[in-house]
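Both complexes below contain chain A, partnered by chain B and then by chain C.
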Partner chain A sequence: MTRYLATRLLQGLFVLWAAYTLSFLILYLLPGDAAAIQAGGAENGGVDPELVERLRAEYGLDRPLWEQYLTALGRAVALDFGSSTQSGTAATATVAAVLPQTFALAATALPLAVVFGVALAVASTFARWRWLRQALSALPPLGVSVPGFWLGLLLLQVFSFRLQLFPSMGNEGWPSLVLPAVALAIPTGAFIAQILARSLRQTLEQPYIELVRAKGASSARVHFGHALQNAAIPTLTLTGVLVGQLLAGTVVTETVFSRIGVGRLVVSAVNSRDIPVVQTIVVFAALVFVLTSLAVDLLYPLVDRRISAAGASLVSA
Partner chain B sequence: MTSDLLIAAGLGEHARAADPPGDAVARRSSAVRRAALGALRQPGLVLAVVVLGTVVLWAVAPALFTGHSAIDGVPRDKLQAPSAAHIFGTDNLGRDLFARVVYGAGTSLLATTAAVLVGLVVGSFFGLVAGFLRGIVDDAVMRVMDVLLAIPSLLLSLALITALGFGTLNVAVAVGLSSVASFSRVMRAEVITVSTAVYVEAARSSGVRWFTILRRHVLPNASGAVLALSALEFGAAVLAISSLSFLGFGAPPPSPEWGSLVAGGRDYLAVAWWLTSIPGLVVVAVVLSANRVARAFERTGARR
Partner chain C sequence: MTSHPRRLAGSIALSSAALLALAACASGPGSTVPAGATPVDGGTLTFAISVDSRCIDPQQVGNNDAIAIARQTVASLTTQDPETGEITPWLAESFEVNADATSFAFTLADGPTYADGTPIDAQSVKTNFEAIQALGAKATLGSTYLSGLSSIEVADPQHVTVNFDTPSAQFLQATSTFTLGLLAPATAGASQEARCAGDFIGSGPFSVESYTPDQEAVLAKRPGYDWAPASAGHQGEARLDTITFVVIPEAGNRTGSLQSGQIDATAGIAPTDLVLFEGDGYSTTNRANPGVVYNLYPNESTPKLADENVRVAISKAVDRAEITETLLGADDVEAQGVLSTTTPFFAKRAALEFDPEAAEALLEESGWELGDDGIREKDGERLAFSVTYWQSPKEVLELVQQQLRAVGIDLQLKFSTIADVQAAQTTGTEDFLYGNLTRADPDVLRTVFSARGTQGNNHRAASEVDDVLDAQAATADQAERQKLVDEAETLLIEQGHSIPVYQLSTTIVASDSVRELAFEASSRLDFYDAWIAE
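Right, the complex of A and B next:
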C-alpha cells in the first residue's frame, strides 16, 4: 500500500514537472517578447531600447534558454513563478488571492452536477415508460452541446432580469452564487449523465443482473443495490477530467457573471500577456488534476470491492 | 507452410485493394441506397445533416440567404425584435442579426475546420509514429500526451493564445493543438491493432518495405476511427472557438463571429433578448448536429 502510494505520488510529481516544462516552452519559446511589451506599456507607446535591454537582463531573457529554464524551474520548486506583469505582486499570491472565490463556486457546482447527472442517468434507465426513457436520454447530448457562456446569459435573462430572483453579478453572499453554479453544473452534469447512462445500460444487461431480477428483486433494488455501484466506475475514472472541465468552465462563467476568481484572472492575464500568472494557473490546473486522480484511485476499493488499492492502478491506466 | 498461408493472405489483401473499378462503382451505389433507406429510419440524423448543410451553404454563399449587409446598419432600425423584415431582429447599430449570423458562419466554420485539421494532422502524426515504432518513442510520446490531458483544453488553448497572439487563425491553431492528445491516442490504438493483424505480418514477411506497409495497409485501415473522432471534435471545436471568441480573443469587432455576436449582445440583455439568445441557439444546433453525425459514424464503424 505505501509502495503503491509512493509510486503514485512520484507519477503525480512527474506530471506536474512536465506541465511546468510544457507551459514554459509554450509561453517563453513561441514568438512575443515580455520585456518589450512591458517597456512599451511603461512608456505609453514608444519602446525605449535601453529600458528593454535592462528589463531583459533583469528577467534573464538575454541568457541561453536552458539556463533560463533551469533557473525558472529552481524557483518554481520553491513556489516562485515570477511576479505578475500587471500588478507586480508574486504570481502565486495573485492567484491565491482570488482562489477562495473560485473554490466556493466550484464546490457548489460539483455536487450540483453530480446530483443532476446521476439523477438524469438513473431516471433515463429506470423510468417505466419507453417514451420517457427516450426523452430523458436525449437530454445529456443536448446538455453537452450548449455553450457555457450562452447558458449563463440565458439564466441571467430569465432569473435575474425577468424574475429578479438573483443578482446578475458580483461575489456577495450565497444568492450571487446560485446562477453561476447552475450554469457551471449543467454541462458537467450532462457529461456525467452521458457516461453513467451508457455504462448503466451495459451493466443492466449483465447476467448477474438477470439473476438478481430472477430472484424477484424490485427494479429499485436492482438499480441501487446492484447496478449503480459497478456502473459508476467509468464515470469515477473521469473525475479528474471532470474537475478540470469545471475549473476551465469558470473562465467563461466568471466572465459572464462578472465574478472575481481564477477564471476571470486568467482572461485578464491573457489579455495583457501576463505570462507568470497564466503559467501559474496552468500548473495549478495540473495540480488539481493530479490530486483528484490520486484521491479517486484511493477511493476505488470502497466503491467496487473487486478492486484492491494496489490493483487500482490497473483501472486508471 | 504457415508463411505460404501468410503470403496468400497478404496477396488476398492486395487483390482486394486493386479490384476492377466497375465493382467499386456498383458497391458505392448500393451503399448510397442503403444509406438513403437508413436515413428514413433516423429522422434525427437527417435533420442534423440538413442543419450542417445549411450552415455550410451560409459560409460558402452568404449573399444567397440575406439581402442585408453584415457590417453596415440602419441606425433608425436599431434594437428591433425579430419580425418578417428582420427574422432574427437587429442590434444596437441597426444591423440585421440574421445577416451577421449568416456572414459569421464563414469565419466560425473556417476556424473550426482549421482547428480540426491541425488536431487531426499533428495528433495522427504522433499517434502513427508512437504506434508504428513502439518502444521508447511510444513511451515518450504517450507520456507527453498524458500531460496534455492533465491540463483542461480551454486553459491550454488560452496559454497558446497568450504566446501566439489574438485573431481567428491563432484561436483555431490553439484549439487544434489542444485536441492533439485525443487524436494521437486513438490513432496509436488503431495503428497497434492494425499492425499486429495477420495481413500486415504477411506483408512484412514477404519483404514489403515499411513505408509501403504504412501507406498501403496501416493508414487506410486505421483512419476510420480517427475520422469518426474528427466529426466529434468538430462539435467540440465549434464550442471552444465560440467560447474563445466570446471572451474576445477572436476576430476584431466589426467582423461577425458567432461567439463575439453573443458577447456583443451582453450589454442589451435586459432590452434585447434576441441578441444573445439567437446566435447561441445557432451554435447549439450546429454542435448538436455535429455530435449526432459523429455518433452515426461511430455506429457504422463499429458494425464494420
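Right, the complex of A and C next:
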C-alpha cells in the first residue's frame, strides 16, 4: 500500500512538472508579451520603446528562454510563482484571493450535478413506460451539448431579468450562487447521467440481475439494492474528468454571471500574458486533478470489494 | 439648475465659465444625462463597466473602464472645457506657458488638500510628476505626457514650473487629465501593487472605499471637498454618497441588468441593443471620443503602399457614411477628419469624400488593371493587403473589405487578440495597422503619425508633414497652432498617411433617475455633478 502511494505521488509530481513546463512553453510561444501589452494598453498610445524594454527587463522577459524557465521553475518549487504583471501582487495571493469563490461555486454545483445526473439516469431506466424512458434518455446528450454561455444567459433572462428572483451579478450571499451553480451543474449532471444510464442498462442485462428478479425482488430493489452500486464504478472513474469539467466550466459561468473566481482570472491573465498568474492556476488545476484521481483510486475498494488498491488490479464486473 | 462659482483669486473670466457650465447642462444631448428638477444629495449610483484591468491607480491605468473609476478620485492642475476645448484653472488658479511651449508655470490655489489632510502644494506636484516618471512604461499615458521633461522648479509652496527640453504644447492639456491628477506624497512611496489595489490617497471629489478586482470598486464622496473647477455644475462636495462600479463582462448581462433595474447606468451597451433603451424610462447620451479616429495606417515600407496613389485610392474607396449608418448607433457621426469631431482644433476635411471613381482612376494611373477575379493586378501581382486587428465591432473592417473589393482591392482580415496584434505590429511586416487614440489635444497626431516619434505607424521617412507636426507642438499661440494642425491634417489625408474609418464614441445609457452624469472633455465620465432623482 505504501509503495503504491509512493508511486502515485511520484506520478503526480511528474504531472505537475509536465503541466508547468507545457504551459510555460505555450505561453512563451504565443505572440506578444506582458511588457508590450502593459505599455501599449488598449489604444497603443505610443510609449517610448526604451521604457518598454526597461519593463521587459524588470519582468525578466529579455533573458533567454531556458534561463527564464529554470529560474521560474526553481522558484515554483518553493511555491513562489512570481508577481502578477497586471497588479504587482504575488501570483499565489492573486489566485488564493478568488479561490474560495470558485470553490463555493464548484462545491454547490457538484452535488447538484450528481443529484440531477443520478436521478435522470435512474429515471430513464426505471420509468415504467417505454416512451418516457426514451424521452428521458434523450436529455443527457442534449444537456451535454448545450453551450454553457447560452444556458447561463437563458437562466439570467428568466430568473434574474424577468422574475427578478436572483441577482445577475456578484458574489454576495447564497442567492448569487444559485443560477451560476445550476448553469454549471446542468452540463456536468448530464455527463454523469450519460455514463451512469449506459452502465445501468448494461448492468440490468447481467445474469445476476435476472437471478435477483427471479427471486421476486421488486423493480426498485433491483435498481437501488443491486444494480446501482455496480453501475456506479465507471462513473466514479470519470470523477477526475468531471472535476476538470467543472473547473473549465467556471470560465464561462463566472464570466456570464459576473462572479469573481479562478475562471475569470485565467481569462484576463491569458489575455494580458500574465504568465505568473496563468502558471499558478495551471499548476493548481493539475494538483486538483492529481489529488482527485488519487482519491478515486483509493475509493474503489470501498465501493467494490473485488478491487484492491494494493494490487491495483481491476476485476471486471 | 444652479451654479455657485467659488472664490478664485485672479480667476479667468468667472462669469463666462459659469455661463459655459450652464450651457453645458442645458445642451443635454452631447454632454450630460438630462438635468432638471432640484438636485438631491445622497444615494448610491451603480454603474456597470465591462472589463477590470486589476488596477485603478490613476497614474497607471489606460483603459476606459479603469479611467471611469480613477478620474473621480483625483483633481488636476487644470480642467478642459468639453465644448470649447479650452484649458481653464482647477487646482492651479492660474498658469502661464512660454512662447515656444517649453516652460509651464502654475500658481496653486491655497486651501485644497489631499484626502489625508496634507496641503496640495508645489512640492507635492513635483513629487507626483517624478513618481510618474519612475513608473516608466507602467504609467502608459503619463510617461508619454511627460516625455522630454527636463526639470521641475519649486519656487515656494504656491509656485511650480515644469520645463521641457523640447517644445511640448500638449503638456498643458495633459495637466487636465486624470493621468496627471494629483496623489498625496505618501502615495508616491507606496508600491505599485498597493496603488493598483486602490490604496492611494487622492485629491478629487471621491475616495476609494473598497476595490475587489473583477467584481466591484466602491467610491465614497470625500467630505470637505471644496475645489471643483468653476466650470462644474455645482460647488462643494459631490452629490452622490457612493458610486459602485460593478464589473459585468458579458454584454447581454449588462443590457438585462439595466433593464431589470439592477444597475443604474452603463457605458457598455452594444450599438445593436441601444434601441431597447429609446425613451421608456431611460436616457442615452453619446459623445465621440476626442483624438485620432479609427484609422488604417498604411505601412509605407511595403512596395505597394509606398505608392501615394494606392494609399489615397484606398481612402477614397472607403464609404464612411455607410459604415456609421449600418454598424454604429443612431447618435454616431461619420469620421470627418483624422481628428474626431470632439477634438479641440477639429475641422471638417473635404478631401475625405467617398469617391470610388477617383479611387479607380488613381489605381489605373499607377498601372493597377482589373484582373479576371475582379481584383486589380500589375505585373502578375494582385492588389491584395492584410490587416491584423482585435478591435470590435469587427464588422467595421468587414464592411471596409467589401467597399475596397468594389474598386478591385483585396483586403484580407485577421481578427485576433491584443497580444497577437501587438506582436504583429512589432515585426513591421503588416500592410496596415488599425487603431485609434483618445486624447483631447491635437498633438495626438504627432504621437500617432510622426516619423520621428516612437510610434512610427507608417514606417516612412520623415518629410514635410513631420516638420508641421513638430511646429504645432512648439507654439502656445492658439491661432498659429490651429493653422499648423489644419496643415498637418490636410497633408496626412492628401498623402494617404492616414486612412480614417470611423470615430469611436461612448454612449451612456442610464435610467431616468440618473441626472447630470456627464462627459468631461476627453469623453471620460464625470460623476461629480451626478445625482439620483427620487
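Here, the second predicted complex is superposed on the first by the 275 of 317 C-alpha atoms of A that agree within 3 Å, B and C clash if a C-alpha of one lies under 4 Å from a C-alpha of the other, contacts with A are read in each partner's own complex, and residues count from 1 in each chain.
The rule we apply is simple: a contact is a pair of C-beta atoms (placed from the backbone, for glycine too) under 8 Å apart; a residue touches a chain by one contact, two chains touch by 3 or more.
These numbers come from a predicted model, not from an experiment.
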Subject >> Partner chain(s) touched by A:89 [first = chain B, second = chain C, both, neither] >> reply: second
Subject >> Contacts of A:23 with chain B and chain C, given as first, second, both or neither >> reply: first
Original post:
Of the partners chain B and chain C, which touch A:202 in the superposed model: first, second, both, neither?
Top reply: neither
Original post:
Regarding the shared-chain residue A:266, is it in contact with chain B (first), chain C (second), both, or neither?
Top reply: first
**OP:** Please indicate which partner A:157 is in contact with in the superposed arrangement: first for chain B, second for chain C, both, or neither.
**Re:** both
**OP:** Would you check which partner chain A:219 touches, where first means chain B only, second means chain C only, and both and neither mean what they say?
**Re:** neither
**OP:** Kindly classify A:55 by the partners it touches after superposition: chain B alone (first), chain C alone (second), both, or neither?
**Re:** second
**OP:** Scan A:134 for contacts with chain B and chain C and give back first, second, both or neither.
**Re:** neither
Subject >> Partner chain(s) touched by A:244 [first = chain B, second = chain C, both, neither] >> reply: first
**OP:** Please identify the positions on chain A that touch both chain B and chain C, taking each partner from its own complex.
**Re:** 30-32, 153, 156-157, 161, 255-256, 271, 273
Original post:
Which bits of chain C are touching chain A when the two form their complex?
Top reply: 51-55, 62-64, 136-138, 140-141, 143-144, 147, 191-193, 196-197, 212-216, 246-250, 252-253, 256-257, 259-260, 262, 417-426, 435-439, 447-448, 453-455
Subject >> For the chain B and chain A complex, residues of the former touching the latter >> reply: 143-144, 146-156, 158-165, 235, 239, 242-243, 246-249, 259, 262-263, 265-266, 269-270, 273, 276-277, 280-281, 283-284, 287-288, 291-292
Original post:
Okay, in this complex, where on chain A does chain C touch?
Top reply: 30-33, 35-49, 51-52, 54-55, 83-84, 86-89, 98, 153, 156-157, 160-162, 164, 167-171, 255-260, 264-265, 268, 271-273
Subject >> In the complex with chain B, residue positions of chain A that touch it >> reply: 14-15, 18-19, 22-23, 26-27, 29-32, 141-142, 144-150, 153-154, 156-157, 161, 240-241, 244-245, 247-249, 251-252, 255-256, 266-267, 269-271, 273, 275, 278-279, 281-282, 285-286, 289-290
